[in-house]
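Presented sequentially are two complexes of chain A, the first with chain B as partner and the second with chain C.
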Partner chain A sequence: MTDSTPILSLKSVRKMFGPYAAVDDIDIDISEGEFFTIVGPSGSGKTTLLRMLAGMDQPTSGDIMLRGERINDIPANKRPTCMVFQSLALFPHRTVGQNIEFPLKIRGEDPERRKARALQLMALLRLPEHYYAKNVMKCSGGERQRVALARALAYDPQILFFDEPLSAIDYKLRKTLEKELKDIHRETKKTFIYITHSLEEAMVMSDRIGVMRAGKLVQVGTPHQIYTSPTTRFVSEFVGDVNVIPVSLGARGSLRMAENGRELKPPKLPAGFGNGYLVVRPEYIRFLDKAGDADNAVEGKLYNEYALGSRIQYQVRVGDAVFVVEKLRQQPFSGKLDDKVIIGWDAKDAILVTD
Partner chain B sequence: MSPGFRASLPVVIFLLAGFAAPLIAVTWFSFMPARTFSFAGAATLENYRTIVESTSYISFLWSLGLAAVTVVLLAFIAYPVAYGLVRVFGKWSMLVTLLFTIPLFVSENIRLYGWVLFLIKNGVLLGTIKSLFGVQAESMLFTLPAIILGMVYVYLPFMLFPMSLGISMVPQDTRDAAVDLGASRWQVFREVELPLSMPGILIGCLLTFVLAVGAIAEAKVLGGQQIIPITHDIEIAFTYAQNWPLGAALAVLLMLVVGALVLLVLRRFDLDVLLGRR
Partner chain C sequence: MLNRASRMRHSLIIAWSVAVVIFLYIPTVCIVLASLTASRYFQFPISKWGLDWWTKTLTSIEVRQLLTTSITIALLVTVVAVFLAFFGALAFARHDWKGRSVYQKIILLPIFFPQSVLGLALLLWFNTLGLPLSWKTAVFAHLVWIVPVVTLVISIQVYSFDPALEEAAYDLGASRWQVLKEVTLPVLFPGLFSGSLFAFLLSWGNFPLSLYTTGADTTVPEYLYAKMVAGYTPGVPVLGTISTAGAVVLLIGGYALITLLRRTRSTEQGGQDA
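What follows is the complex of A and B.
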């Protein structure tokens, strides 16, 4: 965030398909140079939103402002923005070089300058120089990603849009490309607006994340805010595994578990809280020697364990309720399957949400 | 015998009996002495000499020329139609294109005689003009344009189908991407749609060319036999003239000429290269 005036501003943007609002009353301000990610499950309206930002669809109502100017009616080919498609949409009949040079050719630049710029971009994206004359369909998945990005950068857009370009790529390469993309963002200092269904992916790359659900933007914040202070159960469940305990207000400001009536010590209670969910991340729950070692403790049976690489996850059954507990691999723990264990967490590590 | 070979045997036999055998028979017959009806005669090149010394080349040129003109006209007529069908009907466009083939269920001769009734003096077109405006126009029937009209009409579905298929295979994303990168409508067409639908155009052109070279009824019915295509010469050799070896030789020559032209085009435009697979 290098500038205080937003480069892109959405004001009550709405898109109706018949009676159904695919995008419902969205307001966002995006700062110059920001890496902003919109996350949501499929059908949440994120692609529709992006298509409106890129100029491929018009909003039913509301305004899209670029540096303070309304751009609703400016078609995609006149907007200083550019998109990397989910399918990449490379031109299969062209070489890597011709693909990257496409926007320059359209603009009427002469072939020598075009080639120079293409080679410059290829170097930035670590594509070998001899790929210039290679047919783009002969490139690997990761190379095609880079060609698509280079082509978009050749357009020299003020904002780059990304429509889940990494979703079809296998896990390991995706992790590499996520970091690469963030590096490219640093190097080019352009504004990136990225959409994905994976909050994990969004966390790695973004300056800020907006979570969408059923056409609405339910929460906007930094990755840290989204992870540590989700405002709804939906957002809290979006990253990894999480313990969600239905609770209601109990006696003397405590919380009562809906399942078994057990009293829990709450985090700071919002005014007028009636009932909702207590969210506890697995890494905040620990195995206890005795019940008094944490603010809240429950006794259960160690049902199963899952090795997650650097961490180990345990499933603990407390009556019918299932708790997910995680610890780092190097932390000592001698529990065996079917052992009776006491698990617990401190009140301040839990988050209370209402829906 | 490998299982694969055994499994392919029915198709192999079918192709040998239905495709290779007639071709071999015709080729064989072209080397038989003139006006004989046996495969057993002494092989000779006399039929080919007769053709070279005759004026058959005129018929060859008419056939190839008419086919070429038909293909060019069809390309310009069918592409916009196919483009419109695909853009308007989307994934249903193939079904709509199939409707264009319904006339094929009616015999070609009957359809052509329909055109005769339409074009003839005092027919549907000129008769209507005459009764409405009192103008007696000259009929275009039995002229070269009438033949070309008939051929364009008859072969339209064969051009339309591969073309719509080719155009419908252009991914919408590539169009969107081109627009997003600043291309105008015309630039999208020139840089993306035309090259990506080229395989369909090419297959349509080859198909209609090969079919149109074999056309015979159009010149007979709509051309009033003013123009004699090579197919007509072949038919006469096999029927009135009762000179099967000569007809066979003409047929072999036609196949060679058309085959060579098709190979030439396919070499010039490699379909795999056009589709970006290589």
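What follows is the complex of A and C.
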């Protein structure tokens, strides 16, 4: 992140569909060269927001400022921004080269310079040179991604938008492409604005993440902030498995579990806290030899285990409540299914959130 | 056991398919045979073969006039129908608008009207409006029935068209006109092409609408009918054969062209990866 003036500024941007606000009063500043990801479940308004930024939809109210100038009324084909679509929208009747050169052809550049630029971009995206004349529909999924990105880069936009371009791709390739996209971001130093429903995907690539829910931006922060300091239960549950314990303020500044009245040692309490949720990530919960080894400890039964590759996840049942615990594979642990176990966590490793 | 049963099933399928094909094509083949007689009247089996009637028909000025009229009507109908149906299909399948489902039903309805009634209705209107009947009124009559059919044909292609293609082109700096020229038309071309084949052939073979609306002009199907009713000569099957053969050549040619186009598109010097 840089501290220069924002390249893109949203001021109270709102989009109404009838009486319903799809995008509700959004303010953000995005810095030059930033990789900013908007995450939200389907129907949260993230696509509508992106379409307004790209110029394909107009906001009902509010302003979109590009380097301090209002661009609300500038149509998509006149904006110095470009979008990579969810379907990629590659022109099926054209070759790889013709697809990449499209914006240059529209701009009226001569064929030789177009070709030179296309080959340059293909090299950047590690597309073999002979693909220049290949029909784009004969390319694999990953190659098509690269062609779509090359075509957008050929436009030489100030901001690149991405509308979930990886959502239809299988897991392994997606993981590779996520990293590739981050590398391209580093190499081109352009501003990337990406939307996805997967916070995991956002974490890998982004400088900053904005979490959207029902048209509102509920939290903006670095991946580290979003992961370690979610402010709401919604954000905390968005990435991976998490233990969410309903609590209220107990006696002498402790927390009382809503389920069974047990007292827990809290992290730093915010002023005026009444009730909410205590969030503990599974990797912060550990198996204890005795209850005194951690600030908070509960006894339960080891119900099941799941191998997640480098980590192993355990399900521990404490009364009716279910706890999710994770440890690295190489950490020693001799518990068997149905064993009685004591699990616990330190007060500082838990997070208090509201709904 | 299983193998014998499946071989049995296989030969039954083949026998059935052959029977269906024979049933479908025998009448057409008979027309060709009837045109190859040397005698004046229609009789079967043919006693004396000959090409006399082919020579007579091909040199006849009247037949040349008939073919000219039919081709002129069909070509005009094709151009106008494809133009109208292209925009009609975009409204039908590409854009979502209030009243679209009503439009979809209304536009398709004329396909199912009995054509003889449609022809009569059009004749009444032409008379009321004081339009003299000729091949020009027939063009209009054909359009009433053919535009809906072609709209449907092109719509099928439009349904498989990803609207994001247009948005992407627009987003990459293209004007609305450039989007149409560079993306929409080329991507929809196969649909437009089959639409124009439909338009030409449906007009070429149409009898009921022409009967009511051509006035003093005569198309090939009208002539065939008139000659069957009164004044049969083996020139009738000759012209019938020519008319059918023309349609077949056009279809095969169109199919070959589309296949060729698809092949050049998919290999376009990009064979290195194969």
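We adopt the following convention: the second predicted complex is superposed on the first by the 353 of 355 C-alpha atoms of A that agree within 3 Å, B and C clash if a C-alpha of one lies under 4 Å from a C-alpha of the other, contacts with A are read in each partner's own complex, and residues count from 1 in each chain.
Following the convention adopted for this analysis, a contact is a pair of C-beta atoms (placed from the backbone, for glycine too) under 8 Å apart; a residue touches a chain by one contact, two chains touch by 3 or more.
Fair warning: this is a prediction, and the values are worked out from it, not measured in the lab.
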Overlay on chain A: chain C relative to chain B, clash or fit: clash
Under the stated touch criterion, which partner chain does A:L337 make contact with: chain B (first), chain C (second), both, or neither? neither
Check the residue A:R151 against both partner chains and state whether it touches chain B (first), chain C (second), both, or neither. both
Between chain B and chain C, whom does A:L269 touch in the aligned arrangement: first, second, both, or neither? neither
Of the two partner chains, chain B (first) and chain C (second), which one does A:V322 touch, if any: first, second, both, or neither? neither
Who does A:A123 touch here: chain B (first), chain C (second), both, or neither? neither
So in the superposed three-chain picture, is A:A133 touching just chain B, just chain C, both, or none of them (first/second/both/neither)? second
Would you please give the residues of chain A that touch chain B in one complex and also touch chain C in the other complex? 54-56, 75-78, 82-83, 85, 87, 89, 91-93, 102-103, 106-107, 135, 137, 151-152, 155
Quick one: which bits of chain A touch chain C in the complex? Just the residue numbers, please. 54-56, 75-78, 82-83, 85-87, 89, 91-93, 95, 102-103, 106-107, 130-131, 133-135, 137-138, 151-152, 155
The residues of chain A that touch chain B in their complex are 54-56, 75-78, 81-83, 85, 87, 89-94, 102-103, 105-107, 135-137, 151-152, 155
So, in the complex, the side of chain C touching chain A is made of residues 162, 164-165, 167-175, 178, 182-183, 186-187, 189, 265-270, 272-273
Please name which positions on chain B make contact with chain A in the complex. 171, 173-174, 176-184, 187, 191-192, 195-196, 274-278
